[in-house]
Amino acid sequence: MIQPQVTPQLLDEYCDRFRNWGKWGPDDEIGTLNYITPAKVIDAARLVRQGKVVSLALPFDTKGPQTGRFGRVNPIHQMVATGTDHVAGNQRVLSFETGPYGFGYADDMITMYLQTGTQWDGLSHIFRDGKMWNGQEARLVTSAGAARNGIEKMKDKVVTRGVLLDIPRLKGLDYLEVGQAIYAEDLDAAADQARVAIGEGDIVLIRTGEMGRRLRERDWGPYPAGDAPGISFTTAPWIAERRIAGIAADTWGIEVRPNELPNAFQPLHLVIVVNMGLLVGEIFYLEELADDCARDGVYEFMFVAPPLPITGAVGSPINPLAIK
Amino acid sequence: MIQPQVTPQLLDEYCDRFRNWGKWGPDDEIGTLNYITPAKVIDAARLVRQGKVVSLALPFDTKGPQTGRFGRVNPIHQMVATGTDHVAGNQRVLSFETGPYGFGYADDMITMYLQTGTQWDGLSHIFRDGKMWNGQEARLVTSAGAARNGIEKMKDKVVTRGVLLDIPRLKGLDYLEVGQAIYAEDLDAAADQARVAIGEGDIVLIRTGEMGRRLRERDWGPYPAGDAPGISFTTAPWIAERRIAGIAADTWGIEVRPNELPNAFQPLHLVIVVNMGLLVGEIFYLEELADDCARDGVYEFMFVAPPLPITGAVGSPINPLAIK
Amino acid sequence: MIQPQVTPQLLDEYCDRFRNWGKWGPDDEIGTLNYITPAKVIDAARLVRQGKVVSLALPFDTKGPQTGRFGRVNPIHQMVATGTDHVAGNQRVLSFETGPYGFGYADDMITMYLQTGTQWDGLSHIFRDGKMWNGQEARLVTSAGAARNGIEKMKDKVVTRGVLLDIPRLKGLDYLEVGQAIYAEDLDAAADQARVAIGEGDIVLIRTGEMGRRLRERDWGPYPAGDAPGISFTTAPWIAERRIAGIAADTWGIEVRPNELPNAFQPLHLVIVVNMGLLVGEIFYLEELADDCARDGVYEFMFVAPPLPITGAVGSPINPLAIK
Amino acid sequence: MIQPQVTPQLLDEYCDRFRNWGKWGPDDEIGTLNYITPAKVIDAARLVRQGKVVSLALPFDTKGPQTGRFGRVNPIHQMVATGTDHVAGNQRVLSFETGPYGFGYADDMITMYLQTGTQWDGLSHIFRDGKMWNGQEARLVTSAGAARNGIEKMKDKVVTRGVLLDIPRLKGLDYLEVGQAIYAEDLDAAADQARVAIGEGDIVLIRTGEMGRRLRERDWGPYPAGDAPGISFTTAPWIAERRIAGIAADTWGIEVRPNELPNAFQPLHLVIVVNMGLLVGEIFYLEELADDCARDGVYEFMFVAPPLPITGAVGSPINPLAIK
């Protein structure tokens, strides 16, 4: 099938056509998560038939995908109390010189970019021409955090049906190549193959195989902010029409890179985050889930992935669960 | 009812009696989460009947409960890219001097104690006499993290039935007073009143009202590491017999403080974390859930609260969800 | 003596009158540090006659002055390798499972506000109406740091003559009261008493006694961002006429607080940092130096206090040395 | 000249022979800095004849030498208030919605490994067989920091005469090759060429050219913790006999690497830090100083390089100054 050419005009057209500003009122801060209704939550829970739980989070540690590109580094985990202090008999506990009755403890901190690993983009993460989701001013996102559209607004919203679209498996590949675009036809074909219909309020997980490849190769290569397989800019209508609540992928930024629009950076984000108000997830670990779905043939599940309610944050690390 | 006197002998007795080391094999690192079976997960999902989702996380921000006691401070949220940079036309994006096609973004970091807010204690968080859960050596928890019993081992384990025991509501109080102990009888009475039976694999959420009180008073007072209402040391048999998977409360440390054993610090942790291998949750925000349960009379729900899989961490911030 | 009334007009007048923009060229980024010439450095070194070195830094630790006001907290020091790990035989060193030939090490990190303790304000720290030192645009200070007037520009500039003006000792007091202003007359009297003449390129250290008081009382009280003794707004002409290179005090913000201009916040900073380009130091520990000067009667010394050259930083922690 | 073979026996011999434990009393925590007397400070100041100040610090930023090896990453500089917030009219200042009278400000934080850049090793940084400097127990260095031999003990001790030994310039090279050892003869030759005699209490700066090379090549290569030129293990007697106060180099770890003792890691540190109590500086930027010394023929100077007094730290970032 012939894809439309990705031009600046198409960017503007999509931004206009798929703009949901005001759809859920002028004060809305959760966008397409509004598609998730109580009935949807109930339906999602009914998908739990085997009692299986699969985590979709990459471990948060120094083996993570960041390399300093885009300014992000991997999480730094810092111990502030240890078992070795305890066994050395040199651990103060409040006013106790050593823990009484044999008491000892460990404690720790983390310093991390909120989007260093498996994460949600908040609706305050992306701007276009000074605006963010629902027409709010970008200037509301200061050094003090996001006064509007902060990730904390979604704290109890991300429980719904999840669907896995495993694109390389559909194509008989281990992984898609860097630069390979996924089109609406690919998404439909994967859904057909998986015998699932994408419905309103779903969160769609798209596997490219890119993360699995990099993990097996033990080298992240261009993974963070570099070239990658991913969804085409032209999937915007597909996303909009299905009224899905969110989309996530096993890549750094869900979009195919190099981006199809010349001299652009993540143009689909301008359409789907800024204008559509879509929840976008990145760096999802989908290898285990994909294997499981291939085994049991079930590509739909209850999907629970709440962000940490960090006040004013523009993203959040998450541990998304697929529950079957 | 007369409670047993809490003595050093009772501490030793409980440690011995409720020790589950080896019960799930010598390599087990998740303790009582083993009580959560696939059948339990399915049953938990069947509790979703209204499509309601309630977050049990306190916001992660500088209003949080920490005051520096026990060395912990509130989370520090740091913006590394802002909307104000974007509107000032002064935001570089990779090799672009300014974001192309109107592109702008915000990005952020966090520096936080992993147990600063709503959180799980890992099974590597507490030691006694050089040992932690399953008899592992405390010396395995170094500045490099927990080589055993790290929180990441639980990444796909915390999906089960949750039950709320609202103790002050049972007693017709807004909150329990500091120093007020909750006994096994109180737990049973609250369960009876809520018409729930505590079962194997459940996670029991105990409301003392302490957090609600401090939030209303806009002053955390002794909340972090100070005196508090909480469960009595003597509830250990109750916990063990019911074979619950976890316990959580709306206080800093679940136990009544001052602790009942003189000159001790959190002695019940020595029994339930080190020896029993119980998952313990603290600083849970239970006010909204309690109001909801009071309204609909339903005190059981699907409970999903995965930790972030931070490799080698001894605890994790969480956003626990009660799904009804 | 009668002091002029501090009005909005006086603020504007001083900003105009003492504006040094362009004085050292349009690209200057160090302001009054230009007053420090090679001859001045040589003269400063000649003041070293006893071989005494006094540190003027408050320890950087959790006992520091911050309480969360103004958003700043005390430094968080994190060990990432410890002696206890080493003695537990559980310390990996690169590819060595344990340090060879008995080798062990400790390593550490810090997370700190750059102005949490003894520090220099950079010339990019304060703005007025969108401008900073030398007329540079405030918009050049983004989340990516200060593109102009960063603290790193001063890395080899802060070696000069220092002079201590011990105001409470002059007045026979232990410390000045909160809200007590220091006027030009007080500075002159202190200099006279100390038998020092303030000269071009000097850095003037002003002791109010406030820090010593708080340390003795073991309670920082209003120290961070609250009320304090300090120099009057009306000292601006005194500072300008003497062509000093910098000024520092033992308080949080050098100015008397409540500020003399109603409904203002640190108005003198607008004059001396933004317009004059003066180096301002805060939270200096002057107790030991003051005692030493009182003992030997010598109130002038070589003063060496380089900032850490943190690229784009708007301030820096320092360990200033007075060398006699 | 024939160099002794570096064997485990030589390591033990040097550790014994050059052990200064107890030399300055059982409670000493500053080691060879005791060689710096008041007379030495006065003499050092007399070296200031031209009024030149040269900073020996590499900028602290993300271009720094760390690559994640040895677990260290480059400093992370985080803005917590910006000029762009100010110009966007969206900056709260304490209780003011926007800064009054045009007031605006920027503020920032840093998260850094204390030994990420130009730095001093504290005497609590290295252990051998459970001991550190002055025979103190390594177990005193816990997650809570160094209870003995912390870097803060040196806060007013590092003012002395500095001498630059420019080894590649002596040999007519731009830089020494990786793996090239510097012997006592090289040090003597460089001192002769520079017409300086190394004296008691001096701090000796050794240039290998390695940092300049990596900066010019814009690739740090093996710089952090990898192979490097550096001083031979066999320089220990040279160091001990001269009774110098400290030594520093423009490499990651001063010692030649691969280390001469097979299967060892930084064995000279075991001799000079643990046993001798020598101050060791690393990642010094010596290019500008070396050029200056070559120009004016003066290789001695006043050297001022106080650590930040971070309580219990085992190292400190510094901005060392050579003042001529």
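To keep things simple, chains are lettered A, B, C and D as they appear, and every chain counts its residues starting from 1.
By our rule, a contact is a pair of C-beta atoms (placed from the backbone, for glycine too) under 8 Å apart; a residue touches a chain by one contact, two chains touch by 3 or more.
Model, not experiment: these values are computed from the prediction.
Steps from chain A to chain C, taking the shortest chain of touch contacts, total 1.
Of all residue numbers that take part in the contact between chain B and chain C, over half occur on both sides, making this a same-residue interface.
Here the spacing of chain B and chain D, counted between their Cα centres, is 45 Å.
Our note on geometry: chain C versus chain D, Cα centroid distance of 25 Å, whole angstroms.
Across the assembly, chain D contributes 71, 76, 79-85, 87-88, 90, 109, 111, 139-140, 142-144 as residues in contact with two or more other chains.
Per the touch definition, chain A reaches chain D in the complex via residues 62, 68, 71, 73, 76, 79-82, 85, 88-92, 111, 139-140, 142-144. Residue ranges of chain B in contact with chain A, taken from their complex: 8, 11, 37-42, 44-46, 48-55, 57, 59-61, 63, 69-72, 75, 77, 79-84, 86-87, 93-94, 96, 99-115, 124-130, 132, 137-146, 152, 155-157, 159, 225, 261, 263-267, 269-270, 302, 304, 306-315, 317-319, 321, 323.
Taken together, the chain B residues at the contact with chain D in this complex read 76, 78-80, 82-85, 87-88, 90, 109, 111, 143.
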